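What follows is a pair of complexes built around chain A, which joins chain B in one and chain C in the other.
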Partner chain A sequence: MSTRTAYSRALDLKNGVVEMSHGGGGRAMAQLIDQLFADAFANDILAQGNDQASISMPQGRMVVSTDSFVISPLFFPGGNIGNLAVHGTVNDVALSGGTPLYLTAGFILEEGFPLKDLKTIVESMAHAANEAGVQIVTGDTKVVERGHGDGVYINTTGIGVVADGINISGERAKPGDKILINGFIGDHGVAIMSLREGLGFESTIQSDCASLNGLIADMVKAAPDIHVMRDPTRGGLAATLNELAQQSGVGMELVEDQVPMRDEVRGACEILGLDPLYVANEGKLLAICTEEDADKLLTAMRAHPLGKDAAIIGTVVEDKNSFVQLKTGFGGSRIVDWIAGEQLPRIC
Partner chain B sequence: MSTRTAYSRALDLKNGVVEMSHGGGGRAMAQLIDQLFADAFANDILAQGNDQASISMPQGRMVVSTDSFVISPLFFPGGNIGNLAVHGTVNDVALSGGTPLYLTAGFILEEGFPLKDLKTIVESMAHAANEAGVQIVTGDTKVVERGHGDGVYINTTGIGVVADGINISGERAKPGDKILINGFIGDHGVAIMSLREGLGFESTIQSDCASLNGLIADMVKAAPDIHVMRDPTRGGLAATLNELAQQSGVGMELVEDQVPMRDEVRGACEILGLDPLYVANEGKLLAICTEEDADKLLTAMRAHPLGKDAAIIGTVVEDKNSFVQLKTGFGGSRIVDWIAGEQLPRIC
Partner chain C sequence: MKHVDEYRDGQTAQKLAATIAREVQPDRSYRLMEFCGGHTHAIFRYGIQDLLPDNIEMVHGPGCPVCVLPISRIDQAIAYAREPDVILCSYGDMLRVPGSKFTSLMKAKAEGSDVRMVYSTLDALDLAKNNPDKKIVFFAIGFETTTPPTALAIKQAKAMGLKNFFILSNHVLTPSAIQNILESPDVRDLGSVPIDGFLGPAHVSAVIGSQPYDYFVEEFQRPVVISGFEPLDVMQSILMLVRQLNEGRAEVENQYRRAVTFEGNAKAKNLVAEIFELRRTFEWRGLGEVAYSGLRIKQEYAAFDAEVQIPIDVPPAHENKACECPAILRGMKKPTDCKLFATHCTPENPMGSCMVSAEGACAAYYSYGRFRETA
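Right after this comes the complex of A and B.
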């Protein structure tokens, strides 16, 4: 993403739309980059103006994560595709126990998309990046014809560092370990589905999308030997716990009553026919640690605004089948399987 | 991109198509990742199976570049969107004078896309990455409904290191410097446009898409003080030289007779109504260096298979207007302006 100052005819950010020429490598593309992206994302590295960013890295292992965002609709209660694209990748980097430092941003724009909406999205990204303490250091813009996109798709790739001695990874869950979550499940997915279905819940249920790196830093400080962290996004708690059970070769036992859930989300899920365990979250993390560490980790989580409703929701058990089981309120138990298919398309 | 081994029902790679469930975070997505991506891209870092890759970096500055690829058609003479997505980002990293090491890969798949075509694309990526000596260390897959994509879009983000003392950057062109290119211009754009227009040139004109990091390493060894390198992709030679003229605050004088161009490309451009100076390349680089370095750089370029048709094509001049001028064969001169709009949509 070069920042070019020539040919400064102003973009019509009020009534203009994305045109094929904005992806052509010529003057129109330079204007879009200069007047919209470079302005919003301004930093010294981006201002290098080359096709690649040159950056210095502190000591430690490097962590990298990438995500493409195709959420529909683009704007939703609690966020939009822009800040979601920052939060999501910041979280994936931070969940290694590391510090996210840099983001790249790749845009696939659909011809005809209003520039004023693009500006809102880009400014949300910039705001989210500032809040999370990361810099957007390089980017790319492509434009596709009407009918070959859906307004805006965004890829973000995040780079960070992990201090030596921190070793948080999906295969480290051990029988006896405790499973923690930082708050209510299902808010993101229900906010999006309510909006799509026109249910009118959107006034009360907001997406939980947030950058969790601050919370994670506090958690790692309190309990440096956290075994596993992962965010239950697509496929919700169920998919993420099944992934981790597989990766660690263990079973998981969840206690239904302990899983934090808002009444509105429970109600909306009933109406929408959704199982909240499978509903996506965008500001939640699962942490797995020894029983000894669990209480101090919970205390650290509850001391942070994004962890105030944190809870211990289950235990890692021996199970050669790697099943995830839910102990229900009535003393029963059921297997929480992977979903075979797609419950909520384009949720992130 | 987690690699998951459970639920190993085989994907139907012969007759199957992308389904919405392949993006849902459940079993179908796990199968797609496991049986298609993880197989093709296999390496120890990807096999960590977390949402982020943990990697060690050699000493030096880090360089990062990102690009989304939306080329249409997906398959073309000389390549496809898969190896193009590797070549393009490998080149953007290498053009800093650095060594590309790692790639991330983000896929946006359209519902209904044949899995066998996706397999071909993914295997091309893997092959191109192997040849270029880079590892695909983490990835992401999203699926959008029919009519909201165009088969496959791919984002790649590249990470590399630059040795201390190498300082190649777009603002370093100085009056008196020489401008070099590593071979024939216009092959990529003309190959694509011929295919789109059904002109039947595709049998003779192939895309030049290639990873240039080997060539670049030889060039940096021969002339460590190269001032500028950049690849003339979208917008061609004209757009890239105008960008660099702006960034360095200089003018550029090209000599038309010195710019390497195939007769077939010249002929196709006449029929298609294209100016070859504006046509995209995907295996070409421009280098700018002192007059003293120019001959040894040219020699080093010509000694590499991807530089055997290299030439010195012009000179950097003082010009407060930052114009790019072309000296024509008849002794005249014309200004090579930025294109205002889009000459060749979705060329990369």
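Right after this comes the complex of A and C.
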């Protein structure tokens, strides 16, 4: 779509809104794609203007991951649905230990959504993709009637490649392995909650949303035999560790005092009656490796800006029940269970 | 974090643990009931049991406001939510609690009812103000802690001239429930299930004061120590109970002096007395009918009483017969003694009151303490 078509009117990116015709397959849709998406995501593959992207892949195993983003609010301290949709999928591909290369982007827009906001979202997607070194190579736009969507939904699919010999997988945690995290937990969830209607609660916490592929590349270089990596997003640390314990058939022992947590996040969770271990992150990863590898992996993580607060937070243990246990700072033990339903504030 | 960390310090906990271990008499047991879900939560969340000698056993009482609400009252709230012109609002915990036939407010919401989670009664008043064409029903629950805010909301609604704000009152009284437990034959007459002493409520006592407990120590000769909800509060209160029992005393002691006085909060108590009156009887999940244990809105404020203004009848609901909650709440059984525990009854699919909130004994056992049983 490099050749500019002459449209009768320029896209009104200041006061215009999404109209049904923007998804109708006609000139209006072509104009939206051309003047907004193609412009922001500009790259040679997209510029071919085909219904598919034809890409050449380097040597290694191909990695694919897809994710849909249906968040509310769309804008939050530290990001918006656009860069979140890039970071989330880039991370899912990179957590294989590989290199993310390409993204696809599918948009479902609600009739009446301001084009100005859409522009901001698309621009932060482009910025995030640039920073992560990935190209958005194909996409899709649909418009649903007013009241049938939540402004914008975005789906991204990521494609990357992982070198032969790297085998990072959820079932590889072994008793004796160490559990590491790259920094403070709970920032994203608290940033989002501070915006929720009626909470009357302000915080300076910014979402931690970030693409972790640079950090992961450094980690894999330092310790190619990392056993497991996963990002503790929805459900927080607790959900991800329980998933991994089940998948590997092992138990986990966390040390509460070792888990990095900002005072502001602890304070907010205290007020809201939430447990920070269950609060979402968007720029964190858990890594599990042998005890011998743990120190060099930690050093590599701390050398990267997105891992400077990294810590070893626990150990994998033998446990046929696959319990995740926590040594509390107070001196006792408890289970960190799966969450039942959604985390809701307690009354007392 | 200031004003929090000093009550959770691990080193102080170790020192207190050592003192408790030194002072307990090895030839006797100490069965202590913490009435409040807040204490149950703290005990499990911080692993306090690991710091106590084996002959101190914590019995988890019925003080979880979500847990003790009978199924029929939840059915009633769901019925209100299903009314086309009603917005039903309540505190977060409440939305997940199952009523009959696996329904819940959360499910009613998924089916199209307008159900909102609020953080305070002020949010509910805002809803009424901003939705004049809707009836706002606030599903009011809780002990003496949440009653004053409900009373205040009614006063404010009156002052604002709101005609679309209604309260479904389920407020209950702590002392009545303690009395019910102490008077139950198993505890009182047979002596088969001794409860040696009580950790008294924290927030509730900040409102009602320490005075109401004098009757219990007098009548039932069991020591009561009013305890804060932080883990060091709980440890210190346990030590105070151990000392009373060792010395043969049965007194009301106040560990939570930073918040609780003898008289309590007169302003809050007067406000509640102005708006609410005693119900002759109220059903508690797990305890059954308890005389003079619930509050209803006075005639004078009936314009804000959902039960008067929008009467809805729901059929009586029944508990699962195998559920051991009544025995667990009186300290006669442990969650693991129940056939349903962790099989049919889990936090995702609770069958009985003790499993419905993280403050309930069974849910706390399940979510935090299960590893002890399988070790």
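Here is the rule we go by: the second predicted complex is superposed on the first by the 327 of 348 C-alpha atoms of A that agree within 3 Å, B and C clash if a C-alpha of one lies under 4 Å from a C-alpha of the other, contacts with A are read in each partner's own complex, and residues count from 1 in each chain.
Convention: a residue touches a chain if its C-beta (ideal position, glycine included) is under 8 Å from a C-beta of that chain, and two chains touch if they have at least 3 such contacts.
Computed from a predicted model, the values in this text were never measured in an experiment.
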{"item": "Chain B versus chain C as contact partner of A:53, first or second or both or neither", "value": "first"}
{"item": "Partner chain in contact with A:323 - chain B first, chain C second, else both or neither", "value": "second"}
{"item": "Which of chain B and chain C A:267 touches, first, second, both or neither", "value": "second"}
{"item": "Which of chain B and chain C A:26 touches, first, second, both or neither", "value": "first"}
{"item": "First (chain B), second (chain C), both or neither touched by A:276", "value": "neither"}
{"item": "Chain B versus chain C as contact partner of A:333, first or second or both or neither", "value": "second"}
{"item": "More chain A residues in contact [chain B versus chain C]", "value": "B"}
{"item": "Common interface positions of chain A, toward chain B and toward chain C", "value": "340-342, 344-346"}
{"item": "Residue ranges of chain B in contact with chain A within the complex", "value": "2, 4-7, 19-30, 48-57, 61-70, 92-93, 95-96, 102, 104-108, 137-140, 142-145, 147-150, 153, 155, 157-159, 162, 169-171, 230-231, 233-236, 239, 242-243, 246-247, 280, 322, 338-346"}
{"item": "Partner chain C, residues of chain A touching it in the complex", "value": "198-200, 257, 263, 266-267, 270, 273, 321, 323, 325-335, 337, 340-342, 344-348"}
{"item": "Sites on chain C touched by chain A in the complex", "value": "1, 4, 8-10, 13-14, 17, 36-38, 41, 44-51, 64-66, 91-96, 106, 117-119, 123, 126, 141-142, 145-146, 203, 229, 231, 346-348, 357-359, 366-371, 374"}
